[in-house]
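Presented sequentially are two complexes of subunit A, the first with subunit B as partner and the second with subunit C.
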Partner chain A sequence: MTHNEIVACFPHMANYAYAFKYVCEHGFEVKYLIPPPITKRTLELGARVSPDYVCSPFKYCMGCYLEALELGANCLMQIYGGCRLNYYGELNARILRDMGYEFEFFDMAAVNWKSPKDIIEHFRIINPDINPVKVVQALPVTFRIIEILDEFEDLIRHNVGFEVNDGEFDGTYKEFLGKLENVEDGKELKELEKEYRTRLHGIPLNKPAKTIKVGFVGDYYTVQEPFSNYFMEKELAKFGMEVYRQMNFTNSVIHNQGKKKRKIAKKYAKYPLGATANSTVAEAITFAKEGCAGIIQVKSFGCMPEIDAMPILQNVSRDYHVPILHFSFDSQTSETGVRTRLEAFYDMVEARNGRKA
Partner chain B sequence: MNKAYLGIDIGSISTKGVVIDAENNILAKEYLWTEGDPMGAVKRLLKALEAQMKGIDAEIVSVGTTGSARKLIGVITGASVVKNEITAHAIGTTTIHPDVRTIFEIGGQDSKIVIIENGFVTDYAMNTLCAAGTGSFLSSQAHRLGVSVEDFGEIALTSKKPTNIAARCTVFAESDLVHKAQIGHKKEDIIAGLCKAVVANYLNNIGKGKKIMPPIVFQGGVSKNVGVKKAFEEAVGHEVIVDENGHLMGAFGVAVLARKSGKERPFSFDTADIEFRTRGFECAKCANHCEIICVYREKELIDSWGNKCENGAVRTAG
Partner chain C sequence: MKIGIPRALLYYKNEKFWTTLFTELGFEYIISPETDCAILSRGEILSIDETCLPIKLLLGHVDWLIGKCDYVFVPRVAYRHKLQMCTRFMAQTDLVANTFRDREDFKLLFYSVGEPTHNCEREAVYKMAKFLKVKKAVFKEAYATAKAAQMFYERFRTERQKEKVDTTQKIKILLVAHAYSVGDAYIGKPVIAMLKAMGCEPVIAEYGDERDCIRASYAVSKSMPWAYNRHLVGAVELYKDHVDGAVLLTAFPCGTDSMVNEYIIHAFKGLPMITLTVDAQDGSAGMETRLESFIDIITLRKERSHDA
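Coming up: the complex of A and B.
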């Protein structure tokens, strides 16, 4: 395959597809396919071909790959992390190849990131004629895209529950994403960023001086991909709460705060628990200290590191007098049950908050 | 005429209704099976309550609904309060037992724990993944042992040496139970063992990490089982209060909330005679295939829900 024929694709996770697209098209100089938005179909397709007891992020990824292959993607990619995720790329590719699909697979877990030679070698999977200089040149804008996405989404998380006109934040942000898709360079990005920052900040709000704040923690995928947590941040906002979340690409990939968070969590967790568990504990402590009325932990069913974090979170809950609610998600969870718990959670934090005020 | 308030709790297994006056006195109460038909159950419930209210000089001015069908029944009855069952139970219980610190609740399909401090809910948990330790598990095991579930508790109390039964999961518990029966354990010991297993399961799962302080109130259908009550008392080392109206607490709580809401809307028991219909369909506008429910009064569409996005929104007339 020459690089003109390559169509690369990362599985969906939040809105980072726009960053992946930029680095693939401008750095690796190959086409990039943004897979269709995650829907029930994605999950059904993925769950059908995945091991039953694997965590739901694996199933979502499988579904995304299948939908992307249908649309002509031929170079799939997978990231790596501090848990079973390191085996996922290998397993994803094997299952798909057993099904008869043909494609290239760039598995970040297989790369020795300390060896430039090995990195380039693996990059050649994406583009055999790769120009490493181009990749390096594309990185600043790629990172900037991620930072802007995270900044805007934080702003929305804090304010969407108080917008005067329903749907204004979502509408404006969607418009921004549409334009972000075709950004060519840093200059264009800067203009776009400026325009939409002003617009997002200008959305009329009806926000009381004292709001109920809630912290959102959990495993790397479930906490970041809204479909996989039943759009819980949005549900919480609808109750009129201000949602806080630290876990995103900016805080984990670009400015890795792992060390800082492990230090915050040290009193409760001396050793690394794997994946995001220490961060989850640290974030919960921070949120509790900063006056969140409640904390919600979301995780995929069977996520071992987050399961290990649960009893620790209960200690945090006791020490800081802040309720922590846990949610596990798999490929099927009754929406009714989720709603009931969320409503009760809101009633509880509202009553507690009213008493403190 | 005095003001009265109606609370309806529509669970998966049973439907409960309570009418209270302005002083929270219960004027009428009813408990019946949902039988998979929440709308039919509510109609029967309203008929029964209407009969009990005959001769009482009171008029219902506000309705509250709770339980898993709260939204649907809320629309039908024109409820002013639609509340989740966790909050409803907490409100009902703190109204009757103002000093309560812990509520255990085991229903047909789910179980909950609610921790209360100074009359406020400070923590709660609800079983998520597994039906072990709920009422439906107990009734299926009673059936297997050939005793009626109503006698279960009394039989358990006669046991001097409860059999050990694995509490981790329904499947394990069931195979354990069969095995213990086959090697010759006495029936009452097995039954007492099951009660203990339900309690162990409850405390290990949803009670995990929760600070259980007295006074403890035990509610839900399973609270009527004296064997489980005794097993709880032995496990936590405190007295466990079971209220005569414990099974109605959700309905009572939401009636109290309806009263406190101050929102009054005319309500008539004739609602039981109006025909309500629901229609479910799958939205085909994207791959999410949301299941959308439309509710009709006679022929008029009065509400709809289930859509994840604007594309699936169904406009109601008016």
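Coming up: the complex of A and C.
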């Protein structure tokens, strides 16, 4: 049934490509190309054709598109959001077209989501003979895939630092992802989910009763895409820390917690600050209350809402006596510098914890 | 009661509106002076390194006002003409409140345009007037007068610029920059002075009629979300046949400009363009050299097309 000529592609973001793949192949009935994993080359390719001081997610997206176009993708897609992300699509397409590439571009920012007619009109870009019923039917499984991905990754985040056999979590998870790629329907997904949940829970751990917890907050892309934050969650786990993170697709797209988080942040921010700034503040407050020993904020260089959240975070840090470390990533941040700062952060957090106990 | 208005960001968009409004409502106001070194360096100390220059200046101006007035007026505007604004304008009130929260003599006058409805601005002003205990009748009249004042001022600016563009024989350079960049003594005014000293006629994109420009911008870009950037893009579209070149002046690191200026460069290929970036580091010599060579090229082009 799959449409032969169209090969759709979303830029990489964490492991959500599997969800996009499912909705494209079973809902839109087109082929989906999972772009090659992000590497230094992706970023270099992207940075070369992007404006100089645009935020780094834009550069990652451009890199992903270029690599996907090389591999034969011909229908690119872009999501939208509350900040500069709202304008990504148009500029992405313009730059690529001026470079001489030919492709279809589905830009979610251009869609009027209140008008079903307009939505279907835009969906026709992806597949001219689209069947809207199929798209709707594919959505529950797509959302379920996202929820499972987030659930498993949360579990890994909390425990990977304490596994007895190194790499067991990663190995099992990779195996799961490999099988997830070819899931056909909800039933199959359910079985897969069940199998791997027991396996992940069954991994032997060596976890002390009291662990050092760190909260992980930041801008939508950088906090979720491990490559763009230099696999910081893994680095933190290597120090034997338990990493907590609230921002993911489940908490932002499927079960939107924006209102709840705005309420938590109300003490510091009277109004919505735009994009993820309020949730960053709210998450930081929650982590501080729940007894995290430290909080790390990651963002791309020049990210407008996150920079506006920084003075507020500094106040949170003062009020709750919790250290907050700010990281800013661009296309050229050195890995060594990041590790050194993390080590210093860990030493400080550990010393503080010792003093408290 | 005295209200302090920082001469930064939205002030340059609404100066006549606000000053008239406060006068009509019966309040005294004080406006911080033009940006100088002291204000800039205070702003730099108070702000996060990565913040854009206009926000640094805003903090410097607010700092200058503290102690000189009862309330500091830092408006929050999330929408204009039902279009989005840069998130900086959504966050500036809370940003200022958090930066100065330990200062005892500091109080904020809240004003928030938060919904994309057609009379959102009026409601926001009404809310503020209620907080200031102004009677509704007084508010109504003051609002109408202030709106008219701002409108006349803008129309006058547009007309005068149109006249200049039509009559002048000089080289006309379109200056594409946000209102708060063009009007600021640190960012835009030196560039305007430089252009004049080089014998050019600066044409300010910002002075184009806002509604006309926004309408025109749809011919260039379908999904650009920001009102101010649409204004500028529309101005380029409307003025492109009447000017000889364009200067894209941006304050470092402006989030919206970083993308929109790239789009302008891609969309208007026939128009000679140069991008100038101003940051908090002093020294205008580099900029002057670049502007000079840009003007030289345009002069040469013009002469050649005359000869042909």
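The rule is short, and it goes like this: the second predicted complex is superposed on the first by the 354 of 357 C-alpha atoms of A that agree within 3 Å, B and C clash if a C-alpha of one lies under 4 Å from a C-alpha of the other, contacts with A are read in each partner's own complex, and residues count from 1 in each chain.
The rule is simple: a contact is a pair of C-beta atoms (placed from the backbone, for glycine too) under 8 Å apart; a residue touches a chain by one contact, two chains touch by 3 or more.
The model shown is predicted, which means the values in this text are computed figures rather than measured ones.
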Checklist entry - What is the contact status of A:311 with respect to subunit B (first) and subunit C (second): first, second, both, or neither? => result both
Next on the checklist: In the superposed model, which partner reaches more residues of subunit A, subunit B or subunit C?
Outcome noted: C
Next on the checklist: I'd like to know which partner A:34 touches here: subunit B for first, subunit C for second, both or neither.
Outcome noted: neither
Next on the checklist: Contacts for A:343 in the overlay, against subunit B (first) and subunit C (second): which applies, first, second, both or neither?
Outcome noted: first
Checklist entry - Looking at the overlay, what does A:352 touch: subunit B (first), subunit C (second), both, or neither? => result first
Next on the checklist: By the touch definition at the top of the document, which applies to A:272: first (subunit B), second (subunit C), both, or neither?
Outcome noted: second
Checklist entry - A:87 contacts which: subunit B (first), subunit C (second), both, neither? => result second
Item to check | subunit B versus subunit C as contact partner of A:95, first or second or both or neither | outcome: second
Next on the checklist: According to the stated criteria, A:42 is in contact with first (subunit B), second (subunit C), both, or neither; which is it?
Outcome noted: first
Checklist entry - If you stack the two complexes on chain A, which partner ends up touching A:254: first (subunit B), second (subunit C), both, or neither? => result neither
Item to check | Shared contact residues on subunit A - subunit B and subunit C | outcome: 301, 311, 314, 328
Checklist entry - What residues on subunit C touch subunit A, complex-wise? => result 47-48, 50-52, 76, 78, 84, 86-88, 90-95, 97-99, 101, 110, 112, 114, 221-226, 252-253, 255-256, 258-263, 266-267
Checklist outcome for this item: Listed in rising order, subunit B residues that touch subunit A in their complex are 68, 83-87, 118, 120-124, 126, 128-129, 208-209, 211, 286-289, 308, 310
Next on the checklist: Taking the touch rule as given, give the residues of subunit A at its contact with subunit C in the complex, in rising order.
Outcome noted: 51-55, 58, 82-84, 86-91, 94-95, 98, 107, 109-110, 268-275, 277, 301-305, 307-312, 314-315, 328
Checklist entry - Residues of subunit A touching subunit B in their complex? => result 36, 39-42, 167, 231, 301, 311, 314, 317-318, 321, 323, 327-328, 336-337, 339-341, 343-344, 347-348, 351-352, 355
